[in-house]
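Every chain is named by a letter (A, B, C and D) in the order it is written, and numbering of its residues begins at 1.
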Amino acid sequence: MADGTAEADTFPKLLIRNAQVRGLRPAIRHKDFGIWQTWTWAQVLDEVLAFSVGLDELGLRRGDKFAVIGANRPRLYWAMCAGQALGAVPVPVYADSVADEMAYVLDHAEATLAVVEDQEQFDKVLAVSERLPKLLQVFYDEPRGLRDYDHARLKSIDEVQRIGRQALAADAGRRARWQQSVAQGKGSDLSVMLYTSGTTGRAKGVMLTYDNVLISAQNGNTYDRLGESEEVIAYLPLAWIGDHIFSYAQSYVAGYCVNCPETGETVVEDRREIGTTYAFAPPRVYENLLTTTMVRMEDASAIKRRMFHYFIGVARRWGEKILNGEKVPLHARLLYGLGDFLVYAPLKNRFGLSRIRVSYTAGEAIGPEIFSFFRALGINLKQLYGQTEASVYIAAQPDGESFPDTVGKPNQDVEIRIAENGEVLFRSPGVFVGYYKDPEKTAETKTPDGWVHTGDAGFIDPKTGHLKIIDRAKDVGRLIDGTLFAPKYIENKLKFFPNIREAVAFGDKRDFVTAMINIDIVAVGSWAERNNVVYGSYQELAANPRVYEMIERHIEEVNRALVEEGVMAGAQIKRFLVLHKELDADDGELTRTMKVRRGLIGERYAPLIKALYEGATEAAIATEVTFEDGRKGTISARLKIRDVKVAPVAAALEKAA
Amino acid sequence: MRAPSSEVLAGQVLLSVENVSLSFGGVKAIRDVSFDIRKGEIRAIIGPNGAGKTSLLNVINGFYQPQEGRITFRGETREKMRPYAAARGGIARTFQNVALFKGMSALDNIMTGRSLKMNRGFVWQLLRHGPALAEEVEHRRRVEEIIDFLEINAIRRVQVGRLPYGLQKRVELGRALAMEPDLLLLDEPMAGMNLEEKEDMSRFVLDVNNHYGTTIALIEHDMGVVMDLSNRVLVLDYGRKIADGTPDEVKADRNVIDAYLGVAH
Amino acid sequence: MLYREVGQYKTTYEADHAIFPLLQDRIGIAVILAIAFLFVPFTASDFVVNSMLIPILIFALAAIGLNLLTGYAGLISLGTGGFMGVGAYGCYKLATAFPQVNILVPILLSGFFSAAVGVVFGLPSLRIKGFYLAVATLASQFFLSWCFVRVPWLVNYNVSGAIEVPTRTFFGIPITGPNATATTRYLVVLAVVVAMTWLASNLVHGRIGRMWMAVRDMDIAAELIGIRLYRTKLLAFAVSSFYAGVAGAMLVFLWLGASEADSFDINASFLVLFMVIIGGLGSLLGSYLGSVLILGLPIVLRTLPGSLGVPLNSATVEHLQFMIVGALIILFLIVEPNGLARLWQIGKQKLRVWPFPY
Amino acid sequence: MDLLYQIFIDPFVQMGTAPDLLVQTLWEGLVGGVLYSLIALGFVLIFKASGVFNFAQGIMVVFAAMSLVSLYGLGIPAFVALALTFAIMLALAWGVERLVLRPLVNQPDIILFMATFGLTYFLIGFGELVFGGEPKVMIADQLFLPRGAYDIKMLGGFVSLQKIDIAATVIASLMVAALAVFFQKTRIGRALRAVADSHRAALSVGISLEQIWVIVWFAAGIVAIVTGIMWGARSQVEFSLQIIALKALPVLILGGFTSIPGAIVGGVIIGVGEKLGEFYWGPLLGSGIESWLAYMIALAFLLFRPQGLFGEKIIERV
C-alpha cells in the first residue's frame, strides 16, 4: 500500500487527495444529451461537497444507512461518497429487483433515506413505503414524470445540492466542518453494505470497512499496474461488489476515469467511443460478443467469411503464444500480423477493446473457446475468483498465465487453504466484518481466526499451481460407488458448447451420471437454418433427432475431458435427454442470476429422472409454464432418452500419464 | 380515467373556431363548426372516417383556407390562418401518416423543427463558425433534451426512413415539440401502433401536457385512449359537430352512439 | 477496416457537429488537398492539367451549384448552362469595364449577376414543381443563350461575337489570357473551387441546408413548421446560380480563354445535370465524382483505341463514344440510382463495420 | 413611346393592312403546331402509361426517318421499307423495355428521365454509326406524299398552302383520331388508361406491365415514324432534328403531360403563337426569338394555371 491510502483511508479522503493531486484530470464521464459530459476530480469534489452538505442539512447522520438505487450514473456514485463523508453507510440495491425484494433490503438495512435514479425506481419504493417506517426521505436524479408527486418527502438531487451550496455560502466555516467530519472517518469504519442474493434464502447484508474495500482495490491496482490513465466503462449493477470495486474503489485509489453509458442498449457503441483500457465482466458478456460475432459473420459474403475463419484459425493457433510472449516461427508472426490488419484489429475496434490492457472474467466459469477466442485476438483476458465477502479479490491469473479452466493464483496478501472436504477457504485484508444483523450466519462462514468459507469446492492444479473450482461445496456429492460427483463442474463443461444453453446433471447417491440438456435456440436455430433442418417450435427443434446426435457428440467430448481430468473419470455421463422447454426464472427453475435450482427441478421433472435411471427410451412429462403476459399453462411432451458412449478410463489414464 | 381538473375547465380559451365551413369544389368537408380549446387542456376530436377531423386541423394551422368562419387564436381573430403565422404563433402539428423528412436523420429532423427559432444570417451560415456555430450548439442542446424526453437516444443518428413506424411517430412528435408550441395538434398519434407503443405514446402525450404545459388537440380512433387522455371531446360526423363535452357526457350522447353504430342519416 | 473509431469520443457539441467527425476522414482530406496543391502542379503535364484537371474542377463547381438546387432543395433545373453564361459574360463586362481591378474580383462578383438572374427565373418554382419546373428553367436556358448571341453589347461589340480574354496578372504572374501557364490557372481554379466547396458544405450542414432538405423531402410539413417556402426556394436558386456563374466565369477566363455563345447552350446544362445525377443527388462529393466520370470518360474513350492500336477513324470513335457514354449512363443508373457518392458511402460503411457485414 | 407603339400598335396595324400575310402566318403556325403536337403526342403516350418523361422521343423521330430512308436506299421498295421501319421501332420498344425500363422499375421519375437521356445519346451514336452523319432526303414521292402548293387568292393577296403541309395536318388528325379510338374502345387502350391511374388496375385487366410498356413505346415509335416522314418531307432528315424534342416541352406544359387533346391544342397554340411572334414582333428584338418564345408563352401560362390546360386542380392532402 504505497501511496495515498495510508493517509487517505476513506473514499472522501481519497476524493480530496485526487482533487489536489490530479484536479484537472477527468474523474467521471456520462454520455448524456448526446455527448460525453465530463467532470474532473476537482469538479467531482465540488459536486460531492455540495451534495454531502445538503444531505447533512437534511438530516443524514453518522452511522445512518441510505439506499442507492439505479443504473450507473455519476450522481449515484457521488451519493455514496457524499454520504460516506458524513459517516453514513451506502446500501446499493439492484435496480432490477422487484418492489418486494427492495422492501426487504431497505427494511433490513434500516435505511433512513434513499437516492433513486428516476420515477421507475421511486414508484417501487413508494409501493412498499408503508413497510418502511424508517425511510424518511427520497432523492431522485431524473425529474421526468415526478413533477406531480407529493414532494413532502421527495427532493431532486439538484435541490439537495442547492441546499448544500446555500449552507456553504451562508456559513464560511461550513466547509471546514465538513472536512472535519471527513477527517473523523477511519479505515476501520463501516464503508458499505452489499446485499448478496445467494442461491437459497434471503439476501444477506455483507458489511465491508474502508480498509476492506480500499486495501483490496489498492492491491488490485498494483497487481495489474493500473494508473490514473485507465478508462473503464461502468454498466454492471451498482449493488454488485464487482462494480463497487472496479468503478468506484479502484478509480478513487488510482484516480482513473469511469465512464457511464448513455443507455443499456448503447453500451457497445459507448465502449467503442471511449476505448476502455481495463474491463471486467461476467462470462455471459464475452459469450454474447462471440455469439453475435459468429451470427453476423454467417451473413457475410462467402469470401469474407472464409478469410475471417481462416485468420481466426491462425489466431487460435498462434495468438495465445504471441500474447504470452513465447517464441513462434517468423511466418506465424507475419501471418498473425496480416490477420491483425484484416481481422483482429478491426474486430477489437468493433468491440471497443482496441486499447484494452487488462480484462477480467469472473463470477462464473467461462467457456474455453470463448476464453481462448478473445485471448487469440490479443486481448489480455484473465480469470478471477472473488466474492463479496472478500471485497472481490481471492485469486486471479497473472499476465501470461491464463488458462481457461483455472481461476489463477492467490492475490496479494491473500492466503488460500483447501479443507479436507475440498472446500476453499481464504484469509485476506478484504475479509468482511460480518453479515448485518446475522451473527450466526457470520459465524458459519467466518472462523474466529479470520478464515472464510467460500462454499466452493476446488483444488490446486499441480501442473499450474493455479486454483481450480469444481462446484459449490454442498452440491458436490458421490456416486454409490463412491466416485466424486460435481454436477456444476460437469454442467459447465456442457454449457461451454454454444449449442447447449443449460444443463442439469444428476448422480448423487446413484449408480451413474445422467443429464438433462437445454439447447440454445439462437445457436441451434441458426445451425438448423444452415443445415436446412425445418422446425416449427422450440419443442420441435429440441426433439429433432439430428439435434440429439449433435448433443450426443458434445457429451462424448465432455466424457473424454472428464477422463483426462482424472479426478472425476468415474463420473461420466451415461444417459441424457433434451428438455422440451427452456428452464426459466419465471417458472422458478433458475435464480434471477440464472443459476439452476437443482432441488426444484429434481421434483418438477421427477418422471424424467426416473426414466433416465430406469433405462426407458422415452418419457412423458407435463409441466406448468408462465407465459410472457403472466398467464399460466401446461406444456406436455414425450421426450426421447439416449445412451452415450463413455471413454475408457484406463486408456485415457495411460495417455495422461 | 383522467378527471378534467377544475382549473382546466375554468381556464381561458386559447383558440376558438367559429362557424367554420370548408369545401373542395362541391364537396363540403366541414359545415359550420364552432368549438374552442382551453389553455392547458387535452382536447380530443373524434368521429367516423371522413368526418372532417383532419380538415379541421388543417384549417386551424392554416393549411386549408375555410370559405366561411373565423378563427381566434390568443385573442387575435382571423378570417383564415396562414401556415407561417400559425407556426410563428406557436401551433405545431403531427400528421396522420408520418410526414418526416425521409432523407434526414432523426436528430436533423428535430433540429429542423427549430428553424423558426434560429436566426443567424446567411453569411454566418456560410462560415459556420462563431455565432452560427454557437447558435447551432445551443439549439442542439434543446433538441437533445427532447430526444432524452422521448427516449430516442439510441436512434439519434439513424435516417428516419429506416426507423420502424412507432419510432417515426415519436420522432415526428419530437419535431413538433422542438417548436416549443403553445398548441400541439396530433393527428392520430397512435394510428397503426401495437398496444405497448400506444401506452408509451399516451404516456408521452400526458408528459408533454404536464411537463411542458402544452395545450393539446388530438384526433384519435381508440376510444379507450381518448377517454383516458382527454379533458374534453369534440365529435364530428359528416363535417358537422354532433357533440362536445367531457368524455362521460360524450359517451352518453345519443347522436354519438348513432354515429358510431352507423344509424342511417 | 481502415477505420479505427475506438477512443474517438466527443465531449462538446462543437466537436460533434464537425463536418468530418472521424479522424480518418480528416486525415484523408488533408492528404488529398496536399497532393492537389503541392504535388500535382509540379508533376502533371500541361495536357493533363489543361484537358482534364481544370475542366473537371470547374464543372465540379457548377455541379455543386446544381446539386445545392436539385439535390438538396429538390428543384430540378435545366438552366445551369445559361447561368454559367451569365457569369462568364458578366465577368467579361466587369473585367473590361474596370481593367485595373484584380481579375479574381470580377470572377467572384460575376456570381452575383447569375444569382440575380437565377432568382428571376426561379420565381415560377413557387407555383410549379417537378418537370413543369424543369421546363420553366429551360425557358431561361433558351432565352439566355439567345441573348448571348443576339446582344452584341455583352461582348463589347467584338466582330467575332465571342469573349476574348485579356491577359491579367496577379502579383505580376499572368493568370488569365494566352500567356498564363496551365499550372497557374490550375492553382487559381483549385483555390476557388476548394474554398467554395468548403462554404457549400458549411451551408448544407447548417440551418439552411436542413431547410432545403425539408422542402425537398416534405414541403407541406416544412411549411407547417414555419419554413417560408418561397424564401427557401429562391435562396436555393440564388446560391445555386451563384456557383454556376463563378464556374462559367472561370470556364472562359481560366480554361477556354475565349468563348462562343454555344459554350453555354442546353448541352452544357445537360452535361452538368448528368454529373449531378451520376455523381449523386445531395452529395458534394458526388458532384466531384460525377464531373470526373462525365468528363473523364470521353477522354479515355478517345485515347483508348489509339493506345490499343486499334485503327479507327475519328468519326467512328466519336459515334462509339456517344453510344458508350449513353449506355454507361443507363448502366450506372441501374447499378446505383443514388449515384457514385452512394457507392462510396456504402463502401465506407463496410470499412467501418469490417469485418462484419453490417 | 415609340417602342411602345412598335410593340402594341404597329404589329396589329400590319395584320390589318396585310390580312393575307396574317392568314399565311397563321397557317404556317398551325402546321408547325401540328408537328409539335405529334411529338408531344409521343411524350404523352409514354408518360401516361409509364410515368416516364421520354426525352428520347426526338431521336426516335430521327431514327425512324433515317431507317426508312436508308432502307429504301438499299433498294428495298418504299412500303416494304416502311413496314421494316415499323418492325425496327417495335424492336426498339422491346429493347428499351427489357434493358432500360425493367431494371429501373419503381425508381424516381428523375432517374428514368436521365435514363432516356442515356438512350438518346446511345441512339445518336448508334444512328450516326449506321446511317452516317450526313443529312438525307425523305422519300416523300415514293410514299405518294404530294408536293407543290395551292396558291389561293384571297384578301387581296395570295396565300400559298404547301400540299405536304395539308397532308401532314390531315394525317396528324387521322392519327389522333385513331389513337383516341384505340384508347377509348380497345381493351388494351383501356388498360393503358388504367395504368395511368394505378398499376394494379392494369394487372386486373390482365395485361402485364411489361407488355404495356412495350405497347406504348411502340405506339410512340409509330408516332415517331409519321412525325419523321412529315418533318423530313418538309425539310430534310438530319440528326440535329432530335432537338425538336425540346420544342415539344412547352406544348406539354400547356396541354398537360397526360392529355392527348391537350397535346394537340397546346401544339397549335405554341405553333401559331411562335410564328406570329417571330413574324410581327421578331424584328424588334432581332430575329430568332422563336427559339425561346414558346417557352416564355408556356411559362407565362404556367403561372396562371400550374396544372396545365386539361389537368384538374390538385388538392394537397396531409
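What we mean here is this: a contact is a pair of C-beta atoms (placed from the backbone, for glycine too) under 8 Å apart; a residue touches a chain by one contact, two chains touch by 3 or more.
All values derive from a computational prediction rather than experimental measurement.
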{"item": "Relative to chain A, chain with the most remote C-alpha centre", "value": "D"}
{"item": "Pair of chains with maximal C-beta contact number", "value": "C-D"}
{"item": "Gap in Å, rounded to a whole number, between the CA centres of chain D and chain B", "value": "49"}
{"item": "Mean-CA-position distance for chain C and chain A (Å)", "value": "58"}
{"item": "Centroid distance [mean C-alpha coordinates] between chain C and chain B, Å", "value": "42"}
{"item": "Of all residues in chain A, the ones touching two or more other chains", "value": "34"}
{"item": "For chain C, residues contacting two or more additional chains", "value": "12-13, 16, 220-221, 224"}
{"item": "Chain B residues counted as touching two or more neighbouring chains", "value": "63, 95, 99, 140-141"}
{"item": "Interface residues, chain A side, partner chain B - complex", "value": "32-34, 144-145, 147-148, 262-263, 265-266"}
{"item": "In the complex with chain C, residue positions of chain B that touch it", "value": "61, 63, 83-84, 86-88, 92-93, 95, 99-104, 108, 111-113, 115-116, 118, 120, 122, 125-128, 132-133, 135-137, 140-141, 175, 179"}
{"item": "Touching residues on chain C, where the partner in the complex is chain B", "value": "12-14, 16-17, 199, 202-203, 205-208, 210-211, 213-214, 216-218, 220-228, 235, 282"}
{"item": "Residues of chain A defined as touching chain C within the complex", "value": "29, 34-38, 272-275, 293, 296-297, 299-301, 304, 307-308, 341-343, 345-350, 352-355"}
{"item": "Contact set on chain C toward chain A in their complex", "value": "1, 3-13, 15-16, 353-358"}
